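In the part that follows, the structures are each spelled out as structure tokens.
Below are two complexes that have chain A in common, paired first with chain B and then with chain C.
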Partner chain A sequence: MTTATVLKIEDLRTYFYSRSKQAFIRSVDGVSLEIEKGEALGVVGESGSGKSITALSVMGLISAGPGVISGKIGFRSDRIRKNLLQDLEDFVKLTTRDGKIMEVSKDVVGWGQNTERAMKKVRGKEIAMIFQNPKSSLNPFTLVGKQITEAIRLHTSIKTEPEAKDRALTWLDRVKIDSPRLRFDNYPYGLSGGMCQRAMIAMALACEPSLLIADEPTTGLDATIQSKIVDLLAELKSELGVTTMLISHDISIISRLSDRVAVMYGGTVCDYGPTKEILSTGFESKHPYTSALLASIPSAQNIKEKGYLQAIEGEVLDTINVPAGCRFYSRCNRVTEKIRERCARHEPDLREIRSGHKVRCWLYFD
Partner chain B sequence: MKHYSQMPGEISELSDQPFWKKGDAVDLAYVGYGLLIVTLVVVSYLLGSFNLLPRDPQEINLGLMMARPGTAGHPLGTDFMGRDMLSRLIVGIQAYFLPGLLAIFIALFFGTVLGVVAGYRGGTFDTGITYFTNLVDSFPRLVLILLVIAAFKPDIYCIMLVVGFTNVPVVTSLIKGKIQFLKQKNFIEADVALGLPTSTIILKHILWHNCRSLLIIEATLGMAEAILMETSLSYLGFGVQEPTPSWGNMVQSGANYFMQGKFWPSTAPALAILFTILGFHLLGDGLNNILEGKGNT
Partner chain C sequence: MPKTILEVTDLKKHFTYRKGLFSSFKDQQQFIPAVDGVSFYLKENETMGLVGESGCGKTTIGRTVLRLEKPTSGKILFDGRDITRVPTDELRQLRSHMQMIFQDLDAALNPKMRIRDILSEAITVHHQISDAEVEKRIGDLLEQVSLKKTKLSNFPHELSGGEKRRVGVARVLSVGAKFIVADEPTSALDVSIQAQVVNLLRDLQKSLGLSYLFISHDLRVVELISHKVAVMYLGKIVEIGLSDRIANRASHPYTHILWSSLVEKQSREASQKARSVQAGQWGVFDFERPAAGCRFAPRCPVYESKGKPEICVAPSTEPQLKDIGDAHQVACHFPL
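On to the complex of A and B.
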């Protein structure tokens, strides 16, 4: 771990047990990511690729039900340095028979307490999160301002209500909410979706967290508001240097805001490197999935060149019966005869093909 | 009379206006009448407990049995032992007030705890609690109360204990439903991610901000329920025992003279029961409509 690394996820596996199939749904299957201080890491992929589950695992929000997490999430800031998944595996017992998982017994209470203990000083204070659907992320019966001051008084050295209000108003102003004083005394229903998201961002940043996780922050907003929220995030990033993990399926947002990108497919990272290498159309040495993803962006240029809108053939990976070979093999259009055998049989690992750029594809390994 | 809107309308109930500007005239009239009844009940209770009565409710006057209402000194007449009806009516509320509050407290407290555990934790807890509430619900309430009376003694507190516990399932399912509905909106998850302690989330964000009107409504209905229950039991002879007056045993003892044309000893307490229960129900309904919104149901 270099000194500037804020978050280091190593081999994170988040599985959900399916009782009827007697198997695990492998939502996140061996993800390793690193976020440096001050950088923005974009995580991109289609629905069901495990983006959000990765974020929720980091926040310790996978508590209920048969969720099982293994791996290591190292978190390090000026104040705290710990593994967020410490001892978590001890609370789960697996019973297997004939290669099938017969039962997963989970000590839910112990798991919850352990998570609480690990996350107590981290949630909100060190890692803040903003969600999709901002309108439903605010308590409908509490004043917007009160919700922000509550967070401020909980996590910062400011403990009195008037001071907290000052700070909340400063931040509401900073996220360019229209007439902050008025909005402070509004209920969330009185705010538009974009305003709610601005209020959420103010609430998250007012406690000055070391890491901000934005889980699809623009989903559920219309296009003009989306671009304004993206502008705001870009501005906050350049002004304050907030370390961000940005999750989205919208490639344009990712390419605009992030320094590095991790492309996720079927619960694994398949392409990981600088944004300008991965998300630029000209650059050829990238994972076939990334290329296909870029080709399927519904942009005017794409449609003009081909005359139609290209989609990726096939369906998203079945994360219960994960095939033996490469996860993208069945949909890949760049398999050559030379490597076909290897693609079908063996799963490639994430290897560095250029400094700072890792790919999980046999095409580039010799 | 209970029709709750499980999914409250988003905007109508959330306006910044004070609640008395939000409701229909009808709802406000309901609430006004209900509050009047509640005030009368509280005043009667205080009068009774400080012994500020027109006459001694236990004073037997055999020279003035079954006096008509309007007799000098007895505005509501006397009963078959010459006791003053008005004083007995006022004292009668003593039988309900504290026991009724006990029943409400038990129902709300245990119902809320179980509802929060079932709704917030979910999973096995939810299944277990649902089985338990179904079990309690499936038992005929009157039979259960009679069993308790037979096993212990016909004490009003005993009865109200049972009334309270048999009301727990209603409150549990209400709170559980509300929390499950709230969980679909992800502000609870956002609260957790913000690092708020679980106690703050449950007590402040869920119960105080989102469930308080539900609980107030349930409390008013619980009082009506308690009075009605005691009346039924008294009529069967298992309620509050003579000579302590309660509206139920006043109706029961007066009923023998009803056919002789002497209607007042039973009619006065019967009307008192009617208007009081109506008051509590209308208060609950009015508050429900105003605070929770009319909804679609």
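On to the complex of A and C.
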């Protein structure tokens, strides 16, 4: 761990037990990521690839129901330094028979208390999160301003209402909500989707967190509003140097905002490296899934050159019965005869193919 | 020369709402002009894209054209026949020719019916045929939309987003529709699945000679699939033309902003360039009080840069669609 690393996720596994199928849904299956200070890491992938569950695991929000987490999430800022998953595994017991898990017993209360204890000083204060649907993540019965001051008073040294209001107004102004004083006394229904998202960003940043997790911050907004929010995030990043983990399935947003990208498929990271290399069409040695994903976006270039979209055939991976070999094998179009055997039987590791760029594919290792 | 399958003239759809219980006595009825005088035509085997921000009336046009909503005024010609005032009992027969692919398939597919029942219901509603024929027809449909036979006994919630979409398309095809309104068929789908659906729709158009009214706010998809594109703003079409022209040589400031907001997301350099084109305030638009004159004026960068000319906001001079060559029409006093 270098001194500047803010978040280091090691071999994170988040499983959910499905009672009816008597099997685990392996939502996140061995993810390792690192975020340096001041950096923006983009996480892309299809729905169900485990992007959001990774973020929720970091926030300690996997508590209800039969969820199981293992691995290590090291978090480090100027103020604290800890493994966010400390001792969590002690609260889960698995009963297996013939190699199949028959029963999961979880001490839900103990798990909850432990998570709360571990996350109390972190959530909101050190790691803030912006959620996908801004309208539904604001409390509809509370004034927008009240919700922001509440967060400020809870997480920072500012405890009085007038001071908190000052700070909230500065931040509302900072995220360019028009007439912040007026919006401060509005209920969320009086704000448009774009304004709600701005208010969310203001709330998240007003406590000056060391890490901001933005989970699909622009989905569900109009194209024109989307580009405004992206502009805002880009501006905040360059001016304040906010360390960000940006989750999205929109590749154009990721390419604009992030320095490094992790491409996720079926609960694992399959391609991990600098944005310039991974998302440019010129760079050849990337994971076949990344190339296929890039070819399937309706971008100006794809339309002009081919006139149609190259779809990825097949369906998103079944995360219950994970195949033995490479997870992308059944949809991959670059399997050669030479490596076919290996692709079908053994799962490749995430290995470095050049400095700072890791790929999980047999194509690149002999 | 392909024939015109749909022709819409000056279509209006106003929704009324009342403020309070006794407002109808006090003459306070207010209305929202969701579609406010729209004209266009669609040829056989052709796709027209309809783009615009949410709330501009795209979906309402789709629903009104199919007579799912009663038009307030205007005229809809389908296959040469005026269907604006067709009585309800004749509509059923009409619907075997025109159908809609709905946006939210979780809501559009009955969660308590198996896929087989959903499809066979749609087939038997319009045609009285034997069970064996229904079975055969279902087989054909599945092949057309490339869906596995094993999925027939599943319930909708057991299918993935892309598969549900295919069922939706199969159901529309089952009645033998020639004209299809596709309302946001690719929203809420992953890019890889989105590409599958777009390709499917294009292939079907080629093999069956379908015509689509393709409603979407995803500009790139619209550009890709459509022959013509109409851009809507607050219930009006502000620009209409061939998709290549709209995407690359837009004349209306609004279209220009829509397309450049795509570019803006992509890179920093392009963003700088796009910003120099568009200045201007981006207020929220208000449907209940459309501005006098040009509706777009309050948000328009050209209006701003020309020093707020009177003609844009004068009540009597709302810009009309004007032909500027190559079947490209634009409603603006100062086209770019």
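Keep this in mind: the second predicted complex is superposed on the first by the 366 of 366 C-alpha atoms of A that agree within 3 Å, B and C clash if a C-alpha of one lies under 4 Å from a C-alpha of the other, contacts with A are read in each partner's own complex, and residues count from 1 in each chain.
Note that in this section a contact is a pair of C-beta atoms (placed from the backbone, for glycine too) under 8 Å apart; a residue touches a chain by one contact, two chains touch by 3 or more.
Fair warning: this is a prediction, and the values are worked out from it, not measured in the lab.
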With both complexes superposed on chain A, which partner does A:Gly356 reach: first (chain B), second (chain C), both or neither? neither
According to the stated criteria, A:Tyr187 is in contact with first (chain B), second (chain C), both, or neither; which is it? first
Does the superposition put A:Lys228 against chain B (first), chain C (second), both, or neither? second
Quick one: classify A:Tyr308 as touching chain B (first), chain C (second), both or neither. second
Touch check for A:Gly241: first (chain B), second (chain C), both, or neither? neither
Is A:Ile253 contacted by the first partner chain B, the second partner chain C, both or neither? second
Once chain A of both complexes is superposed, is A:Arg123 in touch with chain B (first), chain C (second), both, or neither? first
Taking the complex as given, what residues does chain A use to touch chain C? 46-47, 178, 192, 222-224, 226-228, 230-231, 234, 249-253, 255-256, 292-293, 296-300, 303, 307-313, 315-316
Interfacial residue positions of chain C with respect to chain A in the complex: 53-54, 160-163, 190-196, 198-199, 202, 217-221, 223-224, 257-258, 261-262, 264-268, 271, 282-284
In the complex of these two chains, what residues of chain A are touching chain B? 59, 61, 64-65, 108, 116, 119-120, 122-125, 128-129, 131, 133, 136-142, 150-151, 154-155, 187, 189-190, 200, 203-204
Touch list for chain B against partner chain A, complex: 10-11, 14, 16, 121-124, 184-187, 189-196, 198, 205, 209-210
